[in-house]
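What follows is a group of structures, each given as structure tokens.
Shared chain: chain A. Partners: chain B in the first complex, chain C in the second.
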Partner chain A sequence: MGMAALPAITMLPRPSFADVPATSAVNTTGLAVTDSEVTVGILHSVTGTMAISETGSVEAEKLAIEQINAAGGVLGRKIKFIQEDGASDWPTFAEKAKKLLVNDKCAAVMGCWTSASRKAVLPVFEQYNGMLYYPTFYEGLEQSKNVIYTGQEATQQIIAGLDWVTKTKGAKSFYLLGSDYIWPRTSNKIARKHIEGHLQGCKVVGEEYFPLGSTQFNSVINKIKLTKPDVIYAIIVGGSNVAFYKQLKAAGIDLSKQTLLTISVTEDEIDGIGGENIAGAYACMKYFQSLDNANNKAFVPAFKKMWGEKTVIGDVTQAAYLGPWLWKLTAEKAGSFDIDKIAAASPGVEFKGAPEGYVRIHENHHLWSKTRVGRAKADGQYELIFETADLVEPDPFPKGYQ
Partner chain B sequence: MLGDYSIGDLGAILAMQGFAGLILFSVYVLMALGLAIIFGQMGVINMAHGEFMILGAYVTWMTSNAVQHFAPSLFPGYFFLAMILAFIASGALGMLVEWALIRHLYKRPLDTLLATWGLSLILQQAYRSIFGAREVGVELPDWMMGSWPATDSIQIPINGMFVMALTMLITIAVAYVLYWSKWGKQVRAVVQNRVMAGAVGINTEKVDCYTFGLGCGIAGIAGSAFTMIGSTGPTAGQLYIVDTFLVVVFGGAASLLGTIASAFSISQTQSTLEFFLSGSMAKVITLLTIVGILMVRPQGLFALKVRK
Partner chain C sequence: MVINSRFFNRSELIGFFALALVLFVILPLFLDIFRLNLVAKYLTYAFVGIGLVLCWGYGGILSLGQGVFFGLGGYCMAMYLKLEASSVANTKIQSTPGIPDFMDWNQITQIPLFWKPFHSFPLTILAILVVPAFFAFIIGAAMFKRRVGGVYFAIITQAIAAILTILIVGQQGYTGGINGITDLRTLHGWDIRTDHAKFILYFVEVVLLFGCIIAAQFIRLTKLGRILVAMRDQEDRVRFSGYSVANFMIFAFCAAAVFASIGGALFTLEVGFMSPSFVGIVPSIEMVIYTAVGGRMSIFGAVWGSLLVNFAKTSLSESFPQLWLFGLGALFIAVVLAFPNGLSGIWADYVQPRIDRLLASRKPKSAPGYVADGAPAE
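Up next is the complex of A and B:
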């Protein structure tokens, strides 16, 4: 078997054959690893409602895999990927996850976007001992040996942003809005606890949720006009987002005067909303396409070269790009593809080439990362306004916030 | 919750809230009109109604891009052209669908549900393949954005007024076509008794085809108008379908007046409750009320009296 794979390996520029550890040494549990290839899975929705959001993640993961292969692969092996479609349907996600782990024996899976899909595949990954790299910022309250969370958990995203807005804008009153499901509700709960418990003299003047897909916001906009909050704190997702910002503008609320802070609108969403409708709003997350650092200056053109000049890159897309790289670095640290060794070696793995700057995996399998505030411009990009001085520690089970 | 506010504030909010309700009413009527024709007059349960709307939205998006590219000076008025094109595109697709699919199913009304649901999935995937999975942003001319300050504190969204005017215009046009034109008489005759209508010389197949096309065309106009207030993506049509059916069924199928009355009562309930409660609770209570009323009066608010 080693001989058969020899020509393929000698075609690689580097590392030389002598560097490549034996398959029997790096794969003791029967994963899909040969002398020249290692198989990973990509599991996102490319059809159905969520395709809007997940397309960017798929693109980023494919770019990362291509770049890793061009640089010599992982432990001397090229990455081959098998892509499955979760079709925006949670049971389908679970079924495809099982297929990727049991039939295809994937060494790692990059996938999922919504919390619902992650919750659906989690038992599968734990039962069949797989490794999932999950890219989305999410509500926290979860930690698993079998998952690496490459997006921010809620406290990382929320607390720094609220501190910033009270400090620089002198904000005292907040109106919390959200789509009606777990992520906005949990996030707003953390925001409320922080506002009421940790920020001097600040209060929440309203908190509201709208069914997913809701397209009418005129009533709540009137309520906002009545209560005149210093900050509108919006966690609205999907098609509702577009309706909300268009109606906000139509109702005469000028975002250059009214402070609005969101954690759910990335550059991807602005494409649909229209830059002119959201210009002036602030977003709090860890990555913006406009970040000015060497890594990002290489990443953005590479992404556009592969996926088209008009493509935009949002926070989650960047987090998805981290997945394959972190897995590669972890496998090289562990010297093995075995899931248990990858899980054990993950804490402490650092990726200096991340477009967002520098990230490191925490013991709780989330990432240390900086939190940033950007201001939306009419051209659909964010302008960086603020970033935390240090990396923010991930805290998926925050004490006093539950 | 109203203790701390001045009378002026409250008055302004009351006025704006009234307009919010009227805008919601117009939106409901506009999205339900096309379905009221198709479901009400023809008995076809068109699950792809939302996708016909989104076709209109995509046509608007393409028109906007084309006008910006080829004739930027005409941009302020492109929306009217876009709505006409949306009507033609959705109407033509509707007639094609009627000819290829629906006409074989008139005797099996429940099967139209499955067939059109399949059609909606096909259309969604087609949009995704053609226009991409991401949402597109439709750029509007400046005069349609922003709000009109009636007084210092009362601001009325311009796009909301635009939707209201458009809805009124289309409702009057539809009422005229259905109740005063010769063709409308034929449509109603076919609805009441297909066999007899055919026997007196009405070409029922042609009437069906045009009726379906008209319904879809109006959906296209609605989709075009909704680019002002909502999103344009492959699955955005799904956001409207439930509310649309709700309005039509609650109003009583086959009654234009019923559709309008039901849109009015649902929108007013919804927007008033939204103001005093939260968005999700308002929806829950509205739906519960409708379920309750439909249990007592399954034929809807207004029903056509026919001898069974």
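Up next is the complex of A and C:
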């Protein structure tokens, strides 16, 4: 794995032509595939407000591409990538997606982060028949032939966590918080339906939303102090988190006594919040940097070697790392780079080397994956508290939760 | 300054035909459809630019909130297209089929009342023209009648841009929130996503652009245009001469709003979606920058400014994904420092005299409407 950090492209012998399938056989639709190379796109924001979140994804994707190239590439071809900047601006994402597909004929695109950027590029991918590997946990309610969702959809992330917190903490009352856009709103809707409909004797005592970037949480913190919910369920994103957790601490709410469950704070966000401000909170997602398995023990040092000792790896970064690997495995299963064949071959593709453990692509193009609960420590890492025994089935259109 | 009795004087005529040649012939011949569609996107900002030339360059009213009108036009068009795309057949998987997808996600089960008129195409076109004009009239009347102008007006327009963004983001069940209105498909049954449609839309847009150029030129050449310039330079004298300054300002502001709105509606058609990121403060200021780069006294300059700045934006960000914003910033600073009158200033100072000498005819150096010796201070 250590070798992956070196510029492996020039070092390794090119595979002999005997085991490389002919370009005409693996590429019948005019994608950017030559006898020795295949081009993919990387489309994230490296400027603007989302750059802080998306940089980790870019790094993970570049690491995966380098490792794949070091291991011989895909169908005998090295991966070459073209990076474009979405600039935290949804129309720019659409423009660049079109450029990657129409101009550069990318065989696959790893990209997007926010739901808004995905919604902006989706029609482009469907119209020009491209393949997008999307890494973020998101609200569900979507399924496309042209997208593989490598993060969790809402029910995967929410239901297991709520079950866990009622079982182990005996929680009965919940206060739902969120930033005001589609993902937190949809997620809280699912949480509310689950709490009220499926958990015995549980109720929601409050639900509130804040504009993106909001830094004033004092009034809701007062309401929380009055209603004394068993669980604060927080889906606050981005920079708002810093203000929220600091104000929570300043108001005297001690997270070692008050249970707080979040699905939006990864190790990346803790970097900004400060471990001491959030220590004791629980997070429910599928990956923590501290996971103790052989894959992750190889992945974390390789990542740090390439991008620096100080970098932290959050859930989305890991999911972004899966993208190039899943695409490679799918292309090899399909024996082709053609988008239609990749889309058709995707269901059932397994990746045993995933840092989170084992993942498999479902018929609905989402991943089967385990859901985990971690507890934030003062050093900015999570310690694993709970994980589901089996892989959780992705269900982007959950019946009874809409 | 001599006002030419002809509609265009000779240098403007050259500018007119040069622009027509480039937009109608050269670009469509030499660009593939992807790049041509990008040009179409850039040109939608030219509509805003033409409006700003009238209201800022001539009227002296700096609006930092043109994104509001761009957005209003864009959203009117997007609402029509979204309703058409949300047929029952297309939205089978929703809990309530037949309504836009984002309404379904937000537990809205009926199309809200203010969406209803957008089922009709003629009403949509009417709304694109009337809604921003009405809105601009209200703002203009409230401000100019009270003699609020200059910097204060600029700040207030900016606040309005911020307010409208927050409103759109907050009311996501009715507006699509921060995601905007996406996945637009057909216009009156005609698929706008195909290459062929993009090609036709480009020409429709260019024709409309020339319509707006001619309308702006008309306003500029009438007595109205001269009053605007007089007002900009000596507002009190115009008032003392018995003109109602406020009404003229309101008119210029409304005209700029309608131009911006047409641009916004075309943007939705060309790009295929609309989102609050075109309404806020940053895009509004960017639109002013396009006009400033082009030269705020020149209608053609506004078109070239929008084209070139956006072209630079695209090509810089394609070549240097991590550094492009710095390059763009440097470009702005360079243009503003070296050429305060923008591209049209470069043209009038360096290119035009040569052409004149070449044609060996004696013409006054400055074209009417173009102020060579330093634009008056705001």
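To be clear about the criterion, the second predicted complex is superposed on the first by the 386 of 402 C-alpha atoms of A that agree within 3 Å, B and C clash if a C-alpha of one lies under 4 Å from a C-alpha of the other, contacts with A are read in each partner's own complex, and residues count from 1 in each chain.
Methods note: contacts are C-beta pairs under 8 Å (C-beta built on N, C-alpha and C of every residue); 3 or more make two chains touch, one makes a residue touch a chain.
Note that this is a predicted model, so its numbers are computed, not measured.
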| item | value |
| --- | --- |
| Chain A residues touched - chain C or chain B, whichever exceeds | B |
| Partner chain(s) touched by A:D180 [first = chain B, second = chain C, both, neither] | both |
| Partner chain in contact with A:D315 - chain B first, chain C second, else both or neither | neither |
| Chain B versus chain C as contact partner of A:I52, first or second or both or neither | first |
| Which superposed partner A:E356 touches (first chain B, second chain C, both, neither) | neither |
| Which of chain B and chain C A:T215 touches, first, second, both or neither | first |
| Which of chain B and chain C A:D271 touches, first, second, both or neither | first |
| First, second, both or neither for A:L141, with chain B first and chain C second | second |
| Partner chain in contact with A:K246 - chain B first, chain C second, else both or neither | first |
| Partner chain in contact with A:E61 - chain B first, chain C second, else both or neither | neither |
| Contacts on chain A seen with chain B and repeated with chain C across the two complexes | 46-47, 180, 211 |
| Interface residues, chain A side, partner chain C - complex | 46-47, 83-85, 87, 89-92, 94-96, 98-99, 102-103, 115-116, 119-120, 122-123, 127, 139, 141, 180-182, 185-186, 189, 211-212, 397, 402 |
| Complex contacts: residues of chain B adjacent to chain A | 5, 9, 13, 16-17, 19-20, 23-24, 27, 125, 128, 132-139, 145-147, 149, 155, 157-160, 226, 228-236, 238-240, 270-271, 274-275, 278-280, 282-283 |
| In the complex, chain C residues that touch chain A | 34, 37-38, 41, 93, 95, 102, 105-107, 166, 169-170, 172, 177-180, 182-184, 193, 271-273, 275, 277-278, 314, 317-318, 321-322, 324-325 |
| Touching residues on chain A, where the partner in the complex is chain B | 46-49, 51-52, 55-56, 180, 207-211, 213-216, 218-223, 225-226, 238-243, 246-247, 249-252, 268-276 |
